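Following: one structure in structure tokens, then a few remarks.
Note that the chains are named A, B and C in the order they appear, and that numbering of residues resets to 1 at the start of each chain.
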Amino acid sequence: MSLDADTIRRIATLARIRVAEDEVATLQGELNGILAWIEQLNAVDTDGIAPLTGAAHMALKMREDVVSDGNIRDKVLANAPERIGPDEAFFAVPKVVE
Amino acid sequence: MSALTDLTLAEAARLLAAKKVSATELTQAHVDAIEALASLNAFIVTTPERALADAKRADGRIAAGEAGPLEGIPLAIKDLFCTAGIQTTAASRILGGFVPPYESTVSANLWRDGAVCLGKTNLDEFAMGSSNTTSAYGNVVNPWKRRGDNRDLVPGGSSGGSAAAVAARLCLGATATDTGGSIRQPAAFTGTVGIKPTYGRCSRWGIVAFASSLDQAGPMARTVEDCAILLRSMAGHDPKDSTSADIAVPDFAAALGHGVKGLRIGVPKEYRLEGLSPEIAALWEQGIAWLKEAGCTIHEIGLPHAKYALPAYYIVAPAEASSNLARYDGVRFGLRVPGDSLDAQYEATRGEGFGAEVRRRIMIGTYVLSAGYYDAYYLKAQKVRALIARDFDVAWESVDAILTPATPNAAFAIGENQDDPVTMYLNDIFTVTANLAGLPGIAVPAGLDASGLPLGLQVIGRAFDEETVFRVGRAIEQAAGFTAMPQLRAGA
Amino acid sequence: MTYTLEGTTGTWEVVVGLEVHAQVISQSKLFSGAATAFGAEPNTQVSFVDAAFPGMLPVINGECVAQAVRTGLGLNAQINLESRFDRKNYFYADLPAGYQISQYQHPIVGTGVVTIDLADGTTKEIGITRLHLEQDAGKSLHDQHPTKSYIDLNRAGVALMEIVSEPDIRSPEEAGAYLTKLRQILRYLGTCDGNMEEGSMRADVNVSVRKAGEAYRTRCEVKNVNSIRFVMQAVEAEARRQIAVWEEGGEVAQETRLFDSARGTTRSMRSKEHAHDYRYFPDPDLLPLVLDAGWVESLKAKLPELPDAKAARFMRDYGLPAYDARVLVAEQATADFYEAVAIGRDAKLAANWMMGDFFAALNRTGRTIADSPVSAANLGKLIDLIADATINGRIAKEVFEAMVETGDDPTAIVDAKGLRQVTDTGAIDAAVAEVLARNADKVAEYRSGKDKLFGFFVGQVMKAMAGKGNPALVNDVLRKQLG
């Protein structure tokens, strides 16, 4: 499978990464190179093999339902590039129209 | 004061306990060394005041007889571990100025045990790389030089800053992380020891995530024993990480005394790659011979799917990364590049905030998960991953540890291997299988190549059997008698 | 009765499936220890996990899992002993991680069924496709500033159950009945408070239309409708819109729409313009969720009696008609109140009192069962006073009004106001004699065959006795004296 320029632009949009028009061709070449190399996996017979999602072989442990966190508004907001509203208590983003 | 920076961690601990050296003296020596070798660019942030304050507290505790196992030991922390009140960047522009209000579990464990914080070491951006040339804070320089060649070499990656700092004697040990080889490859490139423990041995809480199912923290130091001491402090169950194993942490250093007599060592025939450099092949043979002499039995084993590990990794890791790095969006922390709509702001922030390699991997990861391609790429890779893990399960029926080269080559010059991403990816060819299967692997310096650069051997063990890995590593270390030192180092 | 819409080209059937997001009742969030309470100051119930800070990891809340299992059991659904969490990747301002942790491929609850009650007294089964656990997003305030949206992450990470129905719903009424029943079940189970105004229950309405006998046509999803009435309106509005599109020769496009309750219409959502590609994959920070069958059994053993079972029991044990039973089980508190009144008494009389004067009084005073001025014990005593002939039915209504006003014990009211029924036949004889004497003309008319006048005499006697005469005795004596 080889990616065309439009696919590169679509992936960039999906990933929300701005790619300048003059970078598209370079990226296309690099990604196609990587994907072509990855194609060797097609040689592996994986019929009937259950996929392995992770390397930890345990079941999920469950936490108790107690309030043990939160109430740290200042710390949560301390690194924000922009705060807004009463007490600057909100994160700010460009207005979204639904 | 060069003597203090040449100490191993274990020696330093003995001298501190015996009050022959103070933590303050020891720390000052390292603080000075870091300053003197700033040109290595091993650190993104140094914290000399914090270090001396830590040292003072350590001296107090030693005097009071309340010393922890790492009391007064100066360490460096890879800048992927969040450190409360100290800037944490993952070597990315997108986290510029980020000061976490929390401490990663692994670093907190080290401070709990008395260690001294020297600063945050440089790395490949978001731990993506094998050369430490993708950092937004510039390349790290390998303290080693080729004989008769003054060109700067890469220290390997992604934990290149930690590796260089340990090799150049800027710290007694360092934390690092390994997703595909990021501890073992730089260890091999800098003549240091590094272990990637079993997945789940160290908590991932507070470590900037690259690929969650593969990432694992581990120590780097100059001896196997030092790594064993550090890992014991770093490891342990953490209820804040659902993938952290609730398994007791053994005294790894104590296991070193057990020797290797009678251990069955596997040598995977598939690792005799076509085009394997004769130097690496010879080093591997040497390793086999050493272990045989030490009383091990050697067994050829098959890891038939190992050669597919790297391409599988380059699906799994970018896929997870593309999702893990979605949170860097300019809203709650880090860089924001304004845009006139939310999407425009996302795209500008992420376009400028991420470097070329990170962008590439996010795009690959986005693509392999996207509608219509998931089965062909991601699901396929996970099935291959299952086969790789199964290969190891079969191997453990007949052997106790596996010996392989750590890397296909020695350190290369900055700029070499840079033209094609895949060439760079091949650096991890021997290490990445352990990540996919979640197994512990150690890299130990075993010799020098023709140009005088260090080469390493890798030992892989069963899940949660780091003790055997350390024992075999120690046997290689003893047999190799690796005493070569990098040209650029404290006091040199 | 089939619901259909008439178009210019013929008759259309409406096909509806609902996705309900129900907020799980829990103290803390699905994957973090931050609180879930409604109405807190912005960004105060936020942990670094909820705000997706670097290196933060999710740890699952066991109670949220238990609540999902309870709900699955209450929906007669398959409980999957192994399920998994996946990431649903998309960028949005109130989704801090850039992905929602949800269950895509392997939900915790599989297929089930809900029986809905329709106005004509019939019932219908609506299939449940699945129920899964997922995180809620934060809240964006778009109307506070000319060029900015405000982001509050208090709700980010709160546990939701997404309950997906089969496309078995065929009318606005069925949609409403489904939501009503679902909410009833959730409230009985204590797994969701069903409060649609506070957003703890929200519905995505999937609507399509077709002509009789056709396969499904393209559906549209009307997002986040926040009241049962609006859901019913949205079904009709969207169905009519689609019919118009088809009949004008157009093609209904699969899209996400919003319901404008002021206009009663749906409109396309601009922010959802470009097609989504959620890139679901298993969350590598979490392991498979494996449930112990014994644990599921223990949750099942502790489930409360649910509305359908309770209504059936009320019909069986108390002899109530289906309508009464359904009304009385609508809420757990009402059913409990009813049983406290009915047990050991005339159950039908108790039902009549509750559904009549009692509900009317609550309505009039704006109270609920929980803060009712009349306690179940007092209403029971009132019925006892009627049963043992201490008061008659008319006086009982007077006593009840006093109870609503004062909250007092009915016996005390009866005694204080001297309302005890007169059963002394001597007094009744005297009162009857007096009335007959005063109305000699009417007595004559009665005797000459004008039977209807009997009621007039009863009224006069009761009036003379200030309403306290025992009606049966009054009747007896009247009949005797009138000969």
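Quick note on the criterion: contacts are C-beta pairs under 8 Å (C-beta built on N, C-alpha and C of every residue); 3 or more make two chains touch, one makes a residue touch a chain.
Computed from a predicted structure; not experimentally measured.
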Seminar exercise, completed: Relative to chain A, largest Cα-centroid distance belongs to chain C
Seminar exercise, completed: Contact tally winner between A-C and B-C is A-C
Exercise. Cα centroid separation between chain A and chain B, in whole Å?
Worked result: 24
For this session: List the centre-to-centre spacing of chain A and chain C in whole Å, with centres computed as mean CA coordinates.
Result: 40
Seminar exercise, completed: Taking each chain's centre as the mean of its CA atoms, chain B sits from chain C at a distance in Å of 58
Seminar exercise, completed: In chain B, the residues touching two or more other chains are 98, 101, 212-213, 239, 242-243, 322, 326, 329, 331-333, 342-343, 346, 366, 370
Exercise. Hey, what residues on chain A touch two or more of the other chains?
Worked result: 13-14, 16, 53-54, 56, 58, 60-61, 63, 72, 75-76, 91, 93-94, 96
Exercise. Do you know which chain C residues sit against two or more other chains?
Worked result: 48, 51, 59-60, 91, 93, 149, 151, 277, 279, 284, 286-287
Problem set entry | Of all residues in chain C, those that touch chain B in their complex | 48, 51-60, 87, 89, 91, 93, 96-99, 149, 151, 277, 279-281, 284-287
For this session: Flag every residue of chain B that touches chain A in the complex, lowest number first.
Result: 97-99, 101, 199-200, 212-214, 239, 242-243, 245-246, 305, 308, 311-312, 314-315, 322, 326, 329-336, 338-348, 350-352, 354, 359-360, 362-364, 366-367, 370, 373, 376-377, 379-387, 389, 420-422, 425, 435-438, 463
For this session: Enumerate the contact residues on chain A facing chain B in the complex.
Result: 1, 3, 7-8, 11-19, 27, 30-31, 33-35, 37-38, 40-44, 46, 49-58, 60-61, 63, 72, 75-76, 78-82, 91, 93-94, 96
Seminar exercise, completed: Within the complex, chain C is touched by chain A residues 13-14, 16, 53-54, 56, 58-73, 75-77, 84-85, 89-98
Exercise. Can you list the residues on chain B that touch chain C in the complex?
Worked result: 81-82, 88, 90, 95, 98, 100-102, 104, 204-209, 211-213, 239-243, 319-320, 322-323, 326-327, 329, 331-333, 342-343, 346, 366, 369-371, 374, 378
